[in-house]
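What follows is a short report on a single structure.
Letters A, B and C name the chains as they come in the text, with residue numbers starting at 1 for each one.
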Amino acid sequence: MAGEIWAVGEIADGQPTRLTRELATLAAGLAAASGRTARSVLVGAGASAAAESLAAHGPDVLAVDVDAGDRPVAAAIAEQIAALARDRQPSFLLVGASNDGRDVAGMLQAMLDWGALVNAAGVRWQGDGPQAEMSVFGGRLVTQSHLAGDHGIVIVRPSAVAAEEAAQPGAIERVGAAAVEPLPAVRVVDRISEASAVVSIEEAPIIVAGGRGVGGPDGFAVVEELAEALGGVVGATRAVVDAGWIGYAHQIGQTGKTVKPSLYVAAGISGAIQHKVGMQTSGTIVAINRDPDAPIGEFADLMVVGDLFEILPRVSAAVRARRGG
Amino acid sequence: MSERLTPEQVELRDAVRELARDRIAPRAAEIDERGEFPRDVVELLARHDVFALGYPTEYGGLGEPLLTNCLMIEEVSRVCATSGLILAVQALGSLPLLLAGSDEQKRRWIPGLASGELLDAFALTEAGAGSDPAGIRTRAVRDDGGWRIDGTKRFISHGSVADLVAVFAVTDPDAGRHRDLSCFYVERGMPGFEVSRLEHKMGIRGSPTAELVFDGVRVPDANRVGAVGDGFRIAMRTLDRSRPGVAAQAVGIAQGATDAAVAYAKERVQFGKPIGEQQMVQAMLADMATRTEAARQLLYEACDRIERGDRDGSRWAAMCKLFAGDTAMAVTTDAVQVLGGYGYITEYPVERMMRDAKITQLYEGTQQIQRLVIARALLSAQ
Amino acid sequence: MRIVVLLKAVPVVGNEKLVDGWRVDRSAGLEANGNDEYVLEAGLKLIEQHGGELVTLTMCPTPAMEAIRKALAMGAARAVHVQDPALAGSDTLATGLVLSAALRKLEYDLVFAGADTSDGQGGIVGAAVASRLGLPYLSYAARIEPDPGAGTVRVRRISATGYDVIEAPMPAFVAGTQLLGEPRYPSLRGIMQARQKEIASWTLADVGVEPSSVGSAASQTEVDSATPPPPRGGATVVREAPEVAAERIVEFLASRRLV
């Protein structure tokens, strides 16, 4: 019998994350294309409760309530998922490409000795298994890859699909935690919230990003104003993060985050390869730069040559006026 | 690339190339515009042991040959001639000490010079004694077991920032030509030693060029390097080893200008295509690259010969400086031409490079003096 | 303190390409992976502070001298390079196997790796290696503070809302990020000393891994195709005065239903 396709979820603030919902929709789609069964797996504190809303996306949900206590999420749930997988023999695990998701996926790879397709920007069913689309080498190539065997892990980036509710919600199956050998002890001593860190640029549909051209920390005011007017979030290049003008959570590019919003506004960003790799698959790219020869012009849809401090406030005002009117 | 360079030299060169590109290049325009000595560049070069390279290992150096030091000057000058000169002057000012100093004197000063904590300068030139040291008026007379120095030196690179200045003074006016000079290291802060003016220059504007006044400066005999009366010989041997440094600076400037012109020719579009596709521009770029490479190869050959103690070292030093200086001037002038109007304004670096290039035809002996040195060597060898 | 830094030699960013069989081309020069340089820097600072030795561990089917030498020039004491032609085409599964096998032959208090790599982009090998070795795994580190007296290490792990302070007994595995701080440029003295340092070359036999369990043949993933992305349309360029330019932007966004 062909094995199941599991969407391995994450819980934040008692709810499945947006990426988790996307995985459920993706699993349902792959199941429909292959005639297999899709299932969401939710492990953690409050899994049963979070399963209620996750089930709306279609696949049945396996919920394991485990209190992580003072352990990091991945360490607490990876062994439970591995135990479930050994027991029920699914074929494919879809795991989100979040920090915790990657940690879980790596641990599962070692525990199950399974191959992994990483960083998938899209997944479809091809032949006997999932085929993952991946943007590599700074976006200069798009690869399609599949798993060699009849099982494996697929690590899926945010926004590979849009989460959709199904006509028929899935059932919820609560499973007791497996008695497993605990992973070596890592303890959470403290959780610190920083206002500047609370941006989920990977999931934002609109990003307004600033580079060296904003001139300094104060220069971000006009970037923030436009982001707010458009209902988006603020992004940044590594240079300005290194310079301390804005926090790392905003950084897009090679050593920061990779994003794929429907609109990316690049203000005072030259478009160096290290930044380009993090944003070039964005839907629409609008660049505002003094330098008409800035490389960003090569992959922008609209290239505006001029002073961002003159232009951005006017765009913000016009956008607000449209909203109001 | 070049088989002349060892893999280690290539690695050292590439490291300094990266450092220069990332950390010095972004400062070059500002250094030129403000005309301020770039202390931050001194610190950077010190932190990465670039000063240490050419000094003997027993005194805290890295014991590399002249060629390696010239590679560093070349790479730094490629992005900023003022910064490249920092290395060249440091080497120049130390040469009397290295060539004629006692072990004790070397122990006293070289570790500081190698670490970059101390800067030095070389003070031979006077208002009336440029190419001809016979015109030197600065006097040093014996005084209470030491020396008292009186006189004025002019056009002294780093004269105002040096901790240690090699001063050439007449110790015996009656000793006859080439026997009348001696060399002393005057230390910053010695009473009577003052900077009387700073020159306003056309190029290398971040490098301070000073007039130094010595008004009865008391210098202990322990600060005299070499024998009394040996100064002229020390100065000439110094120039044999320092002129390649100027040549390296010139090659670096020429390479920097070629880089800028090639980059511009690729992106500047006129008549519907990049100007680099115009044959007349191509010819200029080809000549620039060829001349620069020829100057480089002559420099490297000269360095090797001087390092080996070639008896004709003076001629090689003069030839490489002559050719590289003229090359830098020609190539930077062409670079400005390739960039057209943009080459003439400060938005692009080539006008600065053209101004900087000129000095390499002037200091450490004008091009005319180099020709004199070369011709004399040729004729005396027959 | 003994630290092993996993250092991946990756194609120079911007120059990457694939060769036959969709393999990453390693012939055009390799450099140290960006995120690995951050953990290397963090490791070197810890050695300066606590004393000890930092060793780099690289797995690469071809010579990776530039990347390794740079690490040695920055201050690593010596390097181990698992270099075997059979490694070509290895996937994340094989990489985890080989690195954990090599680590079993080394002594350490801490193992460091970059949070991900610029070529593979997986970011999962660290967790897999830690699991195989039974090491505590501390990821997405913005700061690493070992306490040799207590035998523990504390890490600031970046979270969605700030950071968590996490702690584990050593030996432990830490995957770090750019927030650890800029890597140093090697000094010239460092570069010259690096040439005298040991680069141990280990084969698969040396680490006890069967050649049949690594490389292309054993890979659990296969590339079906690699194509350039569909070209973007080419930018519409606006050079008007700010008032007009702003209007043009809003019109453009409206035409794409983005406002």
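Heads up, the rule we're going with is that a residue touches a chain if its C-beta (ideal position, glycine included) is under 8 Å from a C-beta of that chain, and two chains touch if they have at least 3 such contacts.
What you are looking at is a predicted structure, and each value in this text was computed from that prediction instead of being measured.
J.: Which chain is most central here if centres come from C-alpha coordinates alone?
T.: Per-chain C-alpha centroids compared to the overall one single out C.
J.: Most C-beta contact pairs, which chains?
T.: A-C
J.: What whole-number Å value describes the gap between the mean CA coordinates of chain B and chain C?
T.: 42
J.: Distance between chain A and chain C based on Cα centroids, please, to the nearest Å.
T.: 20
J.: If you average the CA atoms of chain A and of chain B, how far apart do the two points sit, in angstrom?
T.: Comparing mean C-alpha positions, chain B is 55 Å from chain A.
J.: Please output the residues of chain A touching chain C within their complex, sorted ascending.
T.: 12, 72, 74-75, 78, 97, 99, 102-107, 109-111, 113-119, 126, 131, 134-149, 152, 155, 183-194, 197-198, 200, 206, 230, 238, 242, 248-249, 251, 254-256, 262-263, 273-274, 277, 281, 284-288, 292, 297-307, 310-311, 314-315, 318-319, 322-323
J.: For a test of understanding, state which residues of chain B touch chain C in their complex under the given definition.
T.: Residue list for chain B touching chain C: 8, 11-12, 15-16, 18-19, 22-23, 47-50, 52-53, 62.
J.: Show which residues of chain C lie in contact with chain B when the two form their complex.
T.: Residue positions touching the partner: 69, 73, 185-192, 195.
J.: Tell me, which parts of chain C touch chain A in their complex?
T.: Counting only chain C, the residues touching chain A are 11, 13-14, 16-18, 22, 34-35, 38, 91-93, 96, 116, 118-132, 134-140, 142, 154, 157-169, 172, 177-179, 182, 219-229, 232-233, 235-243, 245-250, 252-254, 256, 258-259.
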